[in-house]
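Provided herewith is a single structure, encoded as structure tokens, for subsequent inquiry.
Residue numbering begins at 1 within each chain, and the chains themselves are lettered A, B, C and D in the order written.
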Amino acid sequence: MINKIIQTPAEAVADVFNGATVMISGFGEAGSPIELIHALIDKGARDLVVISNNTGSGHVGLAALIENRQVRKMICSFPRSTNSKVFPELYKRGEIELELVPQGTLAERIRAGGAGIPAFFTPTSVGTPLAEGKEVREFNGQLFVMEHAIRADFALVKCHAADRYGNLVYNKTARNFGPVMCTAAETAIVQARKVVEPGQIDPEAVVTPGIFVKRVVEVTNPADESKLVAEERRYPW
Amino acid sequence: MINKIIQTPAEAVADVFNGATVMISGFGEAGSPIELIHALIDKGARDLVVISNNTGSGHVGLAALIENRQVRKMICSFPRSTNSKVFPELYKRGEIELELVPQGTLAERIRAGGAGIPAFFTPTSVGTPLAEGKEVREFNGQLFVMEHAIRADFALVKCHAADRYGNLVYNKTARNFGPVMCTAAETAIVQARKVVEPGQIDPEAVVTPGIFVKRVVEVTNPADESKLVAEERRYPW
Amino acid sequence: MVNNTEKIGWEVQEMAQKVALDIPDGAYVNLGIGIPEMVSGLVPEGREVIYHTENGLLGMGPLPPAGEEDPELINAGKKCVTAIPGACYFHHADSFTMIRGKHIDICVLGALQISESGDLANWSTGDEKAIPAVGGAMDLVAGVKTIFVISKHVTKTGEPKIVKSCTYPLTGKAVVDRIYTDLAIIDVTPKGLFVREMAPGVTMDYLQERTEAALHQYE
Amino acid sequence: MVNNTEKIGWEVQEMAQKVALDIPDGAYVNLGIGIPEMVSGLVPEGREVIYHTENGLLGMGPLPPAGEEDPELINAGKKCVTAIPGACYFHHADSFTMIRGKHIDICVLGALQISESGDLANWSTGDEKAIPAVGGAMDLVAGVKTIFVISKHVTKTGEPKIVKSCTYPLTGKAVVDRIYTDLAIIDVTPKGLFVREMAPGVTMDYLQERTEAALHQYE
């Protein structure tokens, strides 16, 4: 029988190794798998390359992972925000690497990684510093930059509901990068607000088909990151 | 107010011009917009380039469009099937052109067309006759073929339900090429079994966001193509 | 008798209003973070406009009433928003299919500099010590059909923002279609910059003095 | 006394059974049109296998009872099928993301020819007058992790199908992992073709006579 349900976040991330490439879903707080990230902090894997749109807020979740010095390099589109202090400080001290990628190019490079497309051409960033050193080519009189696929060893993703096959649905704008990240990682690990029986998710409404998911862990009441940030909480607590 | 609902298939396809490139959804019968195709036969636009996975069955739908000599060229993956007589005969007589594309490459080229990606690399068809004349490039020690995006002037698509914004849901495996074709055509024209009020389609379950759709026409009881074929019906009737 | 004789030019609200007037019924629109967000509240009644936010929502509605915020329903600026009936959610690759694939009609963005050929710089001052952050700006200017820029005419220190050639790192080349400043509305055309409208009290000379690039008048 | 002494080799059903035995619990499997479709009915009890059909269904179930066919629920061979609880539907680009992106574990396909290096020809005889049709075969062989071929060992006219080099147009180069014929099960390895199992009554000499490519035995 296929059963991808894992009992705890700790078990779900137990094999994340030093030096692994890890995709982390979320756009700001929405969709960020905070319990899985905290389990990864407990686990202590180091020298990680993390692919995520942002760099976290306050001293919890992704920001705490960075603060705990487990991340060697960030690949993201927007490493700056109101409550983002950890990454900027390390970056200014030259203690963390950054690959800055336009948001749509980031999403498409991840999708390509999941879809077996090693490279594609995009109009985004032509003529800008982010296209420097990249192949530029003309199609129908317009210039395009060649971008390469991104794949990862692991993806940590938050969703709304999942079944034992790994079929997922998300909640509103917390969907964001989760679906493409599940396709592009060797091992996609998902935290779901609820686990349901196969068939309870409408087969027409499944967003991530189970084939893309390796592990599901139920986290019924995930932490509200903005509250933790407002309360100036720090992980590990 | 935005209202993409059109009253009749005839009005919906009224501006399809001679020489237009037209995508037609469907995998065999499932998802084939037969009423829109028949309206296009009535309209009589000629010299069309049609992109569709197959070439139709019997003497109705896409097969009838071809039989009526409105199609100059087919771009498809599988122009042969049990009840497909019209295309093979014209092709053998050299009276219709064929661009044969592997099914996944066809889907991806259409998706690329809709996503602003002019070209991409794929492992599919490397070392086969379908890669001849195409750029082949190595990434990470493996060879890939460069394939170009496909766009169209019009897409004719069948779905299950639609609202006035053009949001669509499909039915089972009749979904197939519809969603990518809507994205890749200047004017996506959709026949829906039912038109519903905005909000009646779950926003988490919308498959084609309305932004990709220009016109929706309600066809409550679309013809069952296999029945028409079994009855040896011919369009126009 | 007349107050504020020294104060020439539109207020921010008026600038946003000017943008809003140029958004037609039925348009699909993406509003950048900050001042552009004001535009949605100012579109004339009777026009139905659909707002896209690149983090995965088409059909963004107004801000929620206090107490009804949902941290999983946010806009690109990470503010809580609402969704209209007929909205839909999608993942990031699909969202940027809408952007890069030229499905969105209008994007309204802020600017650091705009060149006379429509180059836009709005993501970085090139300061070595700053944390670079680009977000979706490069995708938006490359993919959206029409790019409106809304910006003060000059910097806080009085330097022109509309220049012959941008000195800041570009967001995109030849992408801007129209500029809305506190002093004027200016079209970027293949023949150069053409002034569409000036704020009360602004003259062509006054405007040109505050603009590095050459300005032209429609006949 | 013994019937059918002349009849050597497995029946089609037995060939499909051999394939089915090699599909592990939890596998994601795509079955080609025709004989490969028989495999799903023969997987041993206790193994849960998820069937993918490239026209947009993961979790394909058995054939529907007569009278309950839905023409909008079909497989890649355009036959009516069913969906299991926990199935899901998706569009063609997502379906081939599963295929091209190496998410599917096993694909079972028919063959016209297989070369000793694992090249597969199964879509065209190269006949100038035939209508070429490729479907999803090239995507499947390029993208699925393990490719099983199920085929008669020789053609109707007795020509070997397992050859040194394919003479028919290729579907893919070096893609086949294992071949199931009526006479034997053969692994395609970097060191050549290795015989795993032979049908009752088949000897290495008998098999090699009917095979153009060199066959090896495991030690």
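As a convention for this text, contacts are C-beta pairs under 8 Å (C-beta built on N, C-alpha and C of every residue); 3 or more make two chains touch, one makes a residue touch a chain.
What you see is a predicted model, and the numbers here were worked out from it, not measured in a lab.
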item: Subunit A and subunit C: spacing of chain centres that average the CA atoms, whole Å; value: 29
item: Cα-centroid distance, subunit B relative to subunit C, in whole angstrom; value: 37
item: Distance from subunit D to subunit C - Cα centre to Cα centre, in angstrom; value: 56
item: Residues of subunit B touching at least two other chains; value: 108, 111, 115-117, 122-123, 170-172, 204, 207
item: Contacts with 2+ other chains: residues of subunit D; value: 83, 89-90, 93, 96, 99-100, 142-143
item: Category of the chain touch graph - line, ring, star, complete, other; value: other
item: Complete list of chain pairs which touch one another; value: A-B, A-C, A-D, B-C, B-D
item: Interfacial residue positions of subunit B with respect to subunit D in the complex; value: 27-31, 53, 77-81, 87-88, 91-92, 98, 100-108, 110-111, 122-130, 170-180, 207, 224-226
item: Subunit B contact footprint on subunit C (complex, rising order); value: 25-26, 28, 48, 50, 52, 58-59, 83-90, 93-94, 96-104, 142-143
item: Touch list for subunit B against partner subunit C, complex; value: 1-2, 111, 113-117, 163-165, 167, 183, 197-199, 201, 203-204, 206, 209-212
item: Residues of subunit A defined as touching subunit B within the complex; value: 108, 112, 115-123, 139-140, 142, 144, 148, 169-172, 202, 204-205, 207
item: Footprint of subunit B on subunit D - complex, ascending; value: 53-57, 70-75, 78, 83, 89-93, 95-96, 99-100, 119, 124, 129, 131-139, 142-143, 169-173
